[in-house]
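Before anything else, here is the set of structures, which you'll find just below.
Below, subunit A partners subunit B and then partners subunit C, in two separate complexes.
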Partner chain A sequence: MTDLAQDRLRLAVAAVMAAAALLWWATAGFFGHELIAQVAIFAIFAMSLDLLVGTAGMVSLGHAAFFGAGAYATAGLTVLLGWPAWLALPASMVVAGLLAVVVGAFAVRLAGVFFIMITLAIGEMVHAYLFRSRTFGGDDGLGGIPRPDLGALGLTLDDPSHFSLAVLTLALLVYLGLRQVVGSPFGQVLAGIHRNEARMRALGCPVRHYKLAAFTLAGAIAGLAGSLAAQHNNFISPELVTWTTSGEALIVVIVGGMGTLVGPVAGAAAVILAGHYLSGLTEYWMFFMGLMFVAVVLIAGDGLQGALERLARRFGRAAG
Partner chain B sequence: MLRAEGLDKSFGALHVARDVSLHLAPGVRHALIGPNGAGKTTLFDLLCGMVAADAGRVWLDGADVTAASADQRARAGLARSFQRNNLFADMTVAANLATAIVLAQGHGPVFWKGLRRLSGVAAAVAEIAALVGVDGVMNQPADTLAYGMQRQLEIGLALALAPKVLLLDEPTSGMSPDETAAMQRLIGGLPPTMAVLVIEHDMDVVFDFADRITVLDYGTVLFEGTPGEVRQSEAVRRRYLGAEA
Partner chain C sequence: MLLDPTFLAIQFLNGLQLASLLFLLAVGLSVVFGLMGFINLAHGTLYMIGAYIGLSVARSTGSFWLALVAAPVAVALLGMVFHVVLLRHMQAASPMKQVLVTFGLIFVGLDSVRYIWGNYSHGIDLPAVLAGGVSVLGETYPIYRLFIIGLGLAVLAALHWGLERTRLGALVRAGVDDRETAAALGIDVGLAFFAVFCLGCALAGLAGVVAAPVLSVYPGMDMSVLILTLIVVVIGGPGSLKGAALGALVIGMAQTFGQVLVPALASVMIYAVMAAVLLARPGGLVRARHG
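Coming up: the complex of A and B.
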């Protein structure tokens, strides 16, 4: 399979998932719409982590810090400062992006396990700060976060049906945007850094600059997901920023297929849906999910999308 | 084009470069020879800034690059290939070359355009691929290529930078006689303004292409001169050409 064929296959998978999501949205009721919004938000978060982990090869265990930064910025700007929610949304991305610049300036100097450890440590620091912060309600969190007023467009975002469609649209835009980035010269450089940093330096690449750019972009998009989560729940708490949030997203990226974008989206959907439906059936649903993940990784080390692409390659050879 | 003076480097007790000086004029075809472990590869690392020298200075095209990092030196026109293939293993040949070309042409920061839409990149990729003879395997992952082909791609990555100074570390090692001959033709056909320094063990290859030869031994420059002078040199004959001459 050529690079072009692989790219087309991913686009086709994305189209199928988008169509499935729309169909689901059209037929869903109140509860389905709530679930769709949850899936779309987690998918945005997972895609942002995939850019970092899958494309640039920077395994972070602290990505929830930027998710949290977006959520808390939205809460702070709307509830505490009275900003309109539509303005708080992009501002939250900027806040998360700025935090990522500061964190990244230190973190990108480290590689491998040291990078994982510093991202984990910084994530925990952010959590500890929010847990104690009086301004943001400490461990009780903060409620009353509004959603943007899009009445002018004929949308009532307080209605789960409209909100979920808006979030779904944003997820699609994030996918298209990140797909563009991954397929750009910039994305090619990140892929090169992922595979062979020393060779990239020998080819004249200022590796740290590129890593910082990727870290910042991923942070800003995680901030978008965080802002949407705050709006969706009307509520924030330090719970959003725990390292398990980061870890869950990392698992989703690995199980879905690193660097494919569509894989992590599928993984995000699977986790949210399984969490929802399995938890009704058994108390031990987390255990069964874990088993499923282990099975996927053992059978397909390159994740679900990776397995699909290997299958396509085999068919391609058989046909050609 | 490239000048080094008084380069010194020790790894612990091992003194691998002792007061090494080297001068490459524009367009020169310069060979670096010496026994295994003489410090040839380490000298490349020092010239490229991949290993920090303990002492000494390096100038590239008149500018002092002693304090410059490896990537800065590469951007200033110094490219190298590696003794052990150092590729983007699971990327296709085309993607390997495109990665180098993107950097060479300065498109790295461009995130808003598709890589495939940059016709300048595609053209340069095709050109380099044809030059080093990997144009028949463009869609194969680099790590699935035969060893000789990987070697050619390795050279292609360095050439993709269109450097002013090219350092090749044993380009023909592990190649078949045919592939070696093709590599000799390739080196012979490089732009006449490019300064080329080649580490090479095969003396036939060396005497075929080199204008000048530097002989390195235990980290010291044992001899430097034209191929004719090297053939005459008693010291080189004793230390290095001993068995053959």
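Coming up: the complex of A and C.
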């Protein structure tokens, strides 16, 4: 399959998923809308990690730190400082991005397992700090986070149907934006670093700068997801920043198909929905979730999107 | 108070005791990582299961000593099953996939423990010999904590002897140093991996049962210790016995003294220590691998 055909297939998958999401939104009730918002937020988070893991080849196990930074920034700015929520959203992305610059400046010096470990450690450091922080309510967290007032646009975001539609729209925008980034010269350099870092360096490419830029962008987008999560739950706690959140996102990215953007979105939906329905069935739902992770990692190979593309290739060969 | 020699001596012993536990946990993980580039995120889970099996054995037989033997054996068997059922078939897969499989197993292990033993936290009673205290510079110090330090040192000595003086030890060293060359020379690196993996599981189980009387036994005890163990492995330098011991000592002391000297920053301090070590020496304190 040519690159162009592969790209078209991904776009088609994205269109199908967007249509399915809209259909679901149109038919869903109160709880359905809550679930849609949850899926869309996790999808944004997973896509931001995919830019890092799939495109740039930087496997981070601490990405939840930036998700948490966005959520805590939103809580801090609105609840503690009284900023309006619409302003807190972009500001939270800036905060998460700035944290990513600082963390990235250290982390991009390391590679492979050491990169995984330092991101894990820094993520846990953020968790440990928030767990103890009096300002942010320690392990009790902080409540009363408002959603933006978009009455001027005829939207009442406190209504789950409006909020979930807004979050879905943002997820779509993030997808289209990241698609542009991956396809741009910047994205091509990241892909080159992923393939062969030593060669890129030999070509005179400032590898660390590119890695840091990718880390920062991914952090800022994770911050967006975090800010939305804070608004969605009206509540934040250090739970948001645990390393298992990072691990789940990593599984979603790898299982969905690294570097495809659409794969991680499908993976995010699968994990949230499976968690939702399993937890209604049994108290020990994490057991089955864990088994599912193991099975999917064993079976999926290059991810769901990869399997789909292999299938398409086979059909293409049969047709041509 | 801070510079009172008695106080410092007590804290030093506490630091050594924590280092001893961390060493038991880290050494298996570290050498397996050195051999195969594989990190077992479910290592903490094995520690937790060791603690629970120790708890059950101690409660049903009334013997702590029996628990001390049974838990490592049971956990090693569990590791063997894990290796035969899953890991063996994943040798060709990328290390990333192996890591993710063990990530999934964390949840399986956690809920299994909750299902079998419930959600409450438990403690194990000590035998009379270990229950008392001894006088250290005028303060009473629990004998049991000294026992943990002694056990850690004994395991370190035994492993050092095994690694330097036995045939299996030589195979493991060769595998860590250069896996391809070792395999080309006819060394069965897979077998060395299997042996080290099972031994690492046994030591994690031992750490669990040893920790049980000091820290309580509860679902989730695996998580708190896993991150510390990973940090020990990374700063010590993967694949090295000396590195695991050194890393455990650094983190044990940093954690203990951090908590008494700067309580507000203690939880952040170990991560800062790790970041500093990694930036100064990206391969860890001790390098086991050449080139």
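Here is the rule we go by: the second predicted complex is superposed on the first by the 318 of 320 C-alpha atoms of A that agree within 3 Å, B and C clash if a C-alpha of one lies under 4 Å from a C-alpha of the other, contacts with A are read in each partner's own complex, and residues count from 1 in each chain.
Here, a residue touches a chain if its C-beta (ideal position, glycine included) is under 8 Å from a C-beta of that chain, and two chains touch if they have at least 3 such contacts.
All figures in this text were calculated on a predicted structure; none of them were measured in a lab.
> Give one word, clash or fit, describing how subunit B and subunit C relate on subunit A after superposing.
fit
> Could you tell me if A:Tyr277 is touching subunit B, subunit C, both of them or neither one (first, second, both, neither)?
Once the two structures are laid over each other on A, A:Tyr277 reaches no partner at all.
> For the combined three-chain view, what is the angle at the C-alpha centre of subunit A formed with the C-alpha centres of subunit B and subunit C, to the nearest 10°?
Taking subunit A as the apex, subunit B and subunit C sit 80 degrees apart.
> Counting only touches as set out at the top, which of subunit B and subunit C does A:Leu110 meet: first, second, both, neither?
Only subunit C is touched by A:Leu110; subunit B is not.
> Thinking of the overlay built on chain A, is A:Phe31 touched by subunit B (first), by subunit C (second), by both, or by neither?
After superposition on chain A, A:Phe31 lies in contact with neither partner.
> Identify the partner contact of A:Phe315: answer first if only subunit B is touched, second if only subunit C is, both if each is, neither if none is.
In the superposition, A:Phe315 contacts neither subunit B nor subunit C.
> Examine A:Val181 and indicate which partner it touches, taking first as subunit B and second as subunit C; both and neither are also allowed.
first
> Identify which of subunit B and subunit C touches the larger number of residues of subunit A.
C
> Between subunit B (first) and subunit C (second), which does A:Leu250 come into contact with in this model arrangement: first, second, both, or neither?
It touches subunit C, and subunit B stays clear.
> After the two structures are laid over each other on chain A, how near do the C-alpha atoms of subunit B and subunit C get, in Å?
Minimum C-alpha separation, subunit B to subunit C, in the superposed model is 10 Å.
> Which subunit A residues contact subunit B in one complex and subunit C in the other?
none
> Taking the touch rule as given, give the residues of subunit B at its contact with subunit A in the complex, in rising order.
48, 50, 69-72, 74-75, 79-80, 82, 86-92, 94-95, 98-100, 102-104, 107-116, 118, 121, 139, 157, 160-161
> For the complex, which residues does subunit A have touching subunit C?
Listed in rising order, the residues of subunit A that touch subunit C are 59, 106, 109-110, 113-114, 116-118, 120-122, 124-125, 128-129, 131-132, 243-244, 247, 250-251, 254, 284-287, 289-294, 297-298.
> Mind listing the subunit C positions that touch subunit A in their complex?
Going by the criterion above, the answer is residues 33, 37, 39, 41, 86, 90, 95-97, 99-101, 103-112, 114-115, 227, 230-231, 234, 238, 264, 267-268, 271-272, 274-275, 278-279, 282-283.
> In their complex, what parts of subunit A are in touch with subunit B?
2-4, 180-181, 183-189, 191-192, 195-196, 198-207, 210, 213
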